[in-house]
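Sharing a structure below in structure tokens format, with a few things to ask.
Chain nomenclature is as follows: A, B, C and D, assigned in order of appearance, with residue numbering initiated at 1 for each chain independently.
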Amino acid sequence: MIRELRPEDRAPWQRLYEGYQAFYGFHDRPAAFYDKAFARLVSGDARDFHGLVWDEGGRLLGLTHYVFHPNLWRDEGVCYLQDLFTAPEARGRGVARGLIEAVYAAADRAGVPAVYWLTAEDNYPGRMLYDRVAAKSPFIRYNRKL
Amino acid sequence: MIRELRPEDRAPWQRLYEGYQAFYGFHDRPAAFYDKAFARLVSGDARDFHGLVWDEGGRLLGLTHYVFHPNLWRDEGVCYLQDLFTAPEARGRGVARGLIEAVYAAADRAGVPAVYWLTAEDNYPGRMLYDRVAAKSPFIRYNRKL
Amino acid sequence: MIRELRPEDRAPWQRLYEGYQAFYGFHDRPAAFYDKAFARLVSGDARDFHGLVWDEGGRLLGLTHYVFHPNLWRDEGVCYLQDLFTAPEARGRGVARGLIEAVYAAADRAGVPAVYWLTAEDNYPGRMLYDRVAAKSPFIRYNRKL
Amino acid sequence: MIRELRPEDRAPWQRLYEGYQAFYGFHDRPAAFYDKAFARLVSGDARDFHGLVWDEGGRLLGLTHYVFHPNLWRDEGVCYLQDLFTAPEARGRGVARGLIEAVYAAADRAGVPAVYWLTAEDNYPGRMLYDRVAAKSPFIRYNRKL
């Protein structure tokens, strides 16, 4: 069952999000990183991030975080899916696909159907899924050097 | 001189923005597209888009539009530079570079130093500049099929 | 056991090579395509293609085809690994990796250690392996339009 | 005028080829590198590299080197255009385009019409031309780590 993230999910949510951060090489995020992210996700602020989780009989097996933000080309804005993670033991069961589709549904309800995300060019397992549920654009990201 | 976009820039701003839209293949945007975009840019709403222009003795030779939006990994959020355009007759004079650097400065003033943008993989003239003032990331964009 | 392709492998070799051609969308190669390719592979001509197969008790589970060709930057030339295929029922057992490493060994014996190949950017399963046994270059291929 | 490389081109050919090697970061190739490459180019061996130059009243303004090599999917083989260079003072005059088209013509005469080359993903000036005279493929190159 996919449902919204709730305050009582704090501990299992962090275990999942730590796995996601580790995938990107961040193994030692301070506790405050998780505290702040979680507080924002459950704040109820419509302009900040929202969280969805895959809850299987009380166990969280996947998460996704998304936000709506302005886009000058679209009045209603766009929906940015920033984070997506499936617990290693639940891979291959459609969790990630289900979460993406749940974001699509939430975006439709919000009247902001244009959902996008970014992924590393060599995230092969991710891209196998993304090529089925979305369209690769020719756009690549440049970052200011900080 | 780079300065903020002002209400009296309406007509020359549209000429530039039409050139930018045409670069991406949008030759027939309705008038309402430009009306709405301009209204948002000069609205003074800190959470919506901001515009900067290169003003040379009253002639506008370039524009850029950017917005601050939430990012779950960074408390202060990020700055998305969505649009950047130099009038064809002013190419090669550093207009685009100056505008990017002005966005960097505005982002610093706002306390949101992480600036990013997306560009087509085959935007060769753009990437020649971007490789000098920013860092290509390995991230590519996927879009929901609408 | 990895060994050289032999004349008596004709039938099982074709079954594998048909699978490989189908992967690239070629489902209806004429019989002559396979006849000619096989004849070249077993011709003994050192300047034409060589074939290696993974033979498991008489069953062929994988193949690779490679050729040595001149390169102006290297006196000894280079080794181009053109084809690589594992039977679907034998995936995940190291067949492809073993075949690549056997080409490396053959190339070393021939005094032509520089082995390369090309693969589709979205060949995710292949690239998972290739990133482990080789290095992605920044080079992309352009073809004359015929 | 585009013509075949000749033994008497040795000195001006090397000046051009040094410029090309420097573009790829090779500033100190030993003399033997140029000796051997030139000897191969003018050897008359049909299976080794061929050279074409843009000769403007006795001054060489550009060069290209190509070779025919076997390909298992095509009986007649393929033509690999390995090197292409225009003298800096002759840029923008169609030298590179002319040389590519001369390789196409030579390949047609040889009965090997399939011409290809590899280029760095961020060779923007090159790709501006290549996108006009050829088709970018989705193929990327992997190299054995030596």
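The working rule: contacts are C-beta pairs under 8 Å (C-beta built on N, C-alpha and C of every residue); 3 or more make two chains touch, one makes a residue touch a chain.
Computed from a predicted model, the values in this text were never measured in an experiment.
Novice: Most remote chain relative to subunit C, going by C-alpha centroids?
Specialist: So the farthest one, by centre of C-alpha atoms, is B.
Novice: In whole angstrom, what separates the CA-based centres of subunit C and subunit D?
Specialist: About 26 Å separates the centre of subunit C from that of subunit D.
Novice: Could you give the separation in Å between the centres of subunit B and subunit C, each centre being the mean of its C-alpha atoms?
Specialist: Here subunit B and subunit C have centroids separated by 47 Å.
Novice: For subunit A, give me the residues that contact two or more of the other chains.
Specialist: 122, 136
Novice: Chain touch graph shape: choose line, ring, star, complete or other and state it.
Specialist: Topology of the interface graph: a ring, with each chain touching two neighbours.
Novice: Throw together a list of every chain pair that touches.
Specialist: Pairwise, the chains that meet the contact rule are A-B, A-C, B-D, C-D.
Novice: For a test of understanding, state which residues of subunit C touch subunit A in their complex under the given definition.
Specialist: Within the complex, subunit C touches subunit A at residues 122, 124-125, 127-128, 131, 136.
Novice: With touch defined as at the start, can you tell me which subunit A residues reach subunit B in the complex?
Specialist: Spelled out, the residues of subunit A in touch with subunit B are 36-37, 40-41, 47-49, 65, 67, 69-73, 75, 80, 82-83, 104, 107, 113-122, 130, 133-146.
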